[in-house]
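Shared chain: chain A. Partners: chain B in the first complex, chain C in the second.
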Partner chain A sequence: MGIKELLSQYGDQYIQALFTTWKLTAFSFAIAFVIGVAVTVMRISPVQPLRVFAEIYIQIFRNIPGASLLMLLVYALPYLDVLLSYFVCVLIAASLIPSAFCSEYLMAGINTIGTGQIEAARSLGLSFMQIIRRVVIPQALRSSVLPLTNLLVSTMLTTALASQVPMNPRDLTGLVAHINTHAVGGVTAFLISALLYCATAVVIGQVGNMIDRKVRILR
Partner chain B sequence: MSDKRTSVKDALFEPPGPKTRRVIRIATVVSLAAIAALLWVVLRRFYETGQLDARYWSVFTRWTTWRFLGKGLLGTLEAAAVAGVVAFTAGFLLMVMRISGNRILGYISTALIEFTRGVPTLLFIYFFFLVVPKFGIKLPAFWKVCLPVSISACGVVAEVLRSGVNAVPKGQKEAAQSLGMLPHSVFLKVVFPQAFRFVIPALISELVIVVKDTTFAYVVNFPDLMQNAKVLISNYDALLSVYLVVALIYIAINWLINRASVAAAGRTNRYAVPAGKKQ
Partner chain C sequence: MSDTMHETMNDRTPVIELKHVDKHFGSLHVLKDINLSVQKGEVVVIIGPSGSGKSTLCRTINRLETIDSGEILIEGTKMPQEGKELARLRAQIGMVFQSFNLFAHKTIIDNVILGPMDVLKKSKKEAKEEAMQLLSRVGVDSQANKVPAQLSGGQQQRVAIARALAMHPKAILFDEPTSALDPEMIGEVLDVMTKLAREGMTMLVVTHEMNFARRVASRVIFMDGGSIVEENTPEEFFNHPKSQRAQDFLNSIQAH
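What follows is the complex of A and B.
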């Protein structure tokens, strides 16, 4: 099937699929970021059980394969009388895994600050919350721009899990699988999706670099 | 890093006074209670829906179950190892092309690296599963997993290796050149061995991603851990327990690989390149 024929027949679906992938990516990343921040706060808090809980959370979701988590959400949860729509399942899987990495990057950002600054802040009489708000968070966020950009791209790649469940509308990967099983899409069908993914990744990377150049702290 | 007092995490607090100690104690008790309540809710769910019944878990008392899962695990490890080797070789070639100084080769390599990093593994798997056979190429299931997984890893490997090469001090190369070494032996005997040591931890972490990606083997019916779990489930009607145990096995393997990466980072700490650093 030529590219013209393919686009005239499936063009609309490609656009829909692109938006589905974008939507999943944006929602997942937002949720992952919020959870990531919460878990990071637990990890730096002086409350031992919270630290341990956060550490276990990180280890689980850093190391579980996306397929394994999705299977649990889609097929195992109904056995516990928890029924979620396919979209929500994919969304949860694509949020929990990046959330663990998000926390890891934020911790790395916090660790680049150096104890001297915190000791200096404390000797100036700043309270714990003031140190966190005015010294730690601004610097940690600035030095995590590039890792978080990479995280956004890998979140997008994780949303390809959506192709493993029957979803309507499909995402970019699911659409290629659909076209190739129902018609002869061939390499072209695959390349269109791949290029759409790549273009998104490149744009994200460029924007990330731009922000990083603006806010980076030169040491 | 191992020195607790120098970590930022702990420098945030001064030794707490009596008032703060009380607050921390209360917070500890409250959080313990909250975590316990969470566990209780989950376990109760399991109990109420009958998922704790022996019939769902008796599968794991059988020797054959573990042998079958072990076979799947071997399949996973084999696929991951082969994919890792292929990805490393391809990544090395891409890296050499990129730093070769030849413009055209550089562009090709950059394009390939960006392409492989920006496309999900599943899409590559579907390519090898649905598109490649249409050209009359019959690949065994093993390679239908290994090739896509290694393709999607090779771009990252290339970038990791490149960051290692960039981290080797310039003087090393200059010294080797002034000894009259040929360009390729400067690279292979002086620069790359050092670069490789820098990036061992990052390469080991990449192996985790390779292991995770091989879980999609069920798409092409390759008998890895996940696929064998599915077979078990259809035979024993114990879906939740089998999926949970398999997830735990995957977590354990990847956790071990990550530990190895941390240990390797500790050994080469003096030279380590910060992970994720763009050069």
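What follows is the complex of A and C.
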């Protein structure tokens, strides 16, 4: 099938798939970000059990392959009487893995802060949570804009896991799989999706650079 | 300061008091039976060779370092181990560090209002007004909306002093406040400190600036090897040091 034919027959579905991918990406990233911040606070907290829990969490989700995690959610959870929709399963898998990386990037950002500023905050009488909120997290975020931008892109690519389950509506990768089982889209069907992923990534990258220039901390 | 707070303490209750304080870093005995008291309005200067425990002593006073034994009292109240009470007492003792330690992501004014707003629960408006007064007192009010990296070291250190003052502390600890500065900026920071001392601020100052010690100190404390070796008025200490270690130290400094 040529590109014209593909587009006239599947154009609407591509657009729908693009929106599905965007939606999965946005939700996953938002969840990953919230969990990433929370886990990071645990990792630097003075409470040892929290630190241990957070380290184990990071080790698991930094190292588990996305497809395995998704299969686990789809096939193992029903044995525990937990039935989730495919969409939710994909969302969880595509959130937990990036959340571990999110925490790693935030930790790198925290390591640039320097103990002196923390001690200054302590000697002003700020509590642990006040120091986290006012000094640590703002600086960690502002110095990890670029890694977090990359993480957003890689979260988008992780959402291609959706193609592994029969999801409706389909995401960009799922649509390629679908087209190729019903017609001969071949490489062209794949290229269209790839182009849409790339275009999105470029926009994310540009916006990320812009934000970084604005909030980067002078040292 | 409120009158009610004074009812429980008499006039001679030291602002800061250390009793038999000992501390180890592993096998290193870094503070050995330290006894020290600082009265209201006193300027106590601590001098001594590098590694003698001066910074550690300063840091134990607002519990940036824990101690092994002994006790530390702030206006007669024992410094607690952890928690809210510790934060409350800490807020009453200001600290100025060698490396300024301003919050890099905040403007100068926001550095100064953080403590008053978050700890003293002042309104932003009130905190800002007072912060501007403090900044002009230390001569950096024109820099209020810049970030620390845009200021010179001397300016940053003066902001750090304003940040400490904004908490209305009972005393301020200075740990080598001019040691990280280019020589031409040392004077401006010492001037601010001298002014503070003249206005009656209680100060504990670790410094190598002997002229400052001579002019401003009420008392000089000489530390070596984790102990207080000598304690005297500046005139007596500089003109007639009693211990051999103090004599050697003063000679080594004058040799420069």
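For the reader, a short list of remarks on this structure follows.
In the analysis below, the second predicted complex is superposed on the first by the 211 of 219 C-alpha atoms of A that agree within 3 Å, B and C clash if a C-alpha of one lies under 4 Å from a C-alpha of the other, contacts with A are read in each partner's own complex, and residues count from 1 in each chain.
In this section, a contact is a pair of C-beta atoms (placed from the backbone, for glycine too) under 8 Å apart; a residue touches a chain by one contact, two chains touch by 3 or more.
These numbers were taken from a predicted model, which means no experiment stands behind them.
In the overlay built on the shared chain, the residue A:Pro65 is in contact with chain B alone; chain C does not reach it.
Of the two partner chains placed by superposition, only chain C is touched by A:Leu218; chain B is not.
Looking at the shared chain after the overlay, A:Tyr75 reaches chain B, while chain C stays out of its contact range. Contacts of A:Ala177 after superposition: chain B is touched, whereas chain C is not reached. Between chain B and chain C, B touches the greater number of residues of chain A. When the two structures are aligned on the shared chain, A:Arg134 is found in touch with chain C, with no touch to chain B. In the superposed model, A:Val203 makes contact with neither chain B nor chain C. In the superposition on chain A, contact is made by A:Val47 with chain B only, not with chain C. Of the two partner chains placed by superposition, chain B and chain C are both touched by A:Glu119. Residues 113-114, 119, 122 of chain A lie at the contact with chain B in one complex and at the contact with chain C in the other. Of all residues in chain B, those touching chain A in their complex are 6-9, 11-14, 16, 24, 27-28, 31-32, 35, 45-46, 48-49, 51, 114-115, 117-123, 126-127, 130-131, 134, 208, 211-213, 215-216, 218, 226, 239-240, 243-244, 246-247, 250-255, 258, 274-276, 278.
Against chain C, the residues of chain A that register as touching in their complex are 113-114, 116-117, 119-127, 130, 134-135, 138-139, 142, 217-219.
Chain C meets chain A in the complex at residues 62, 64, 84, 87-88, 90-95, 97, 99-105, 114-115, 118-119, 147-150, 160, 163, 167.
Remark: chain A residues 43-50, 53, 59-60, 62-69, 71-72, 75-76, 79-82, 105, 107-108, 110-111, 113-115, 118-119, 122, 128, 131-132, 136, 146-147, 150, 153, 156-161, 163-164, 172-173, 176-177, 180-181, 184-187, 190, 193-194, 197-198, 200-202 touch chain B in the complex.
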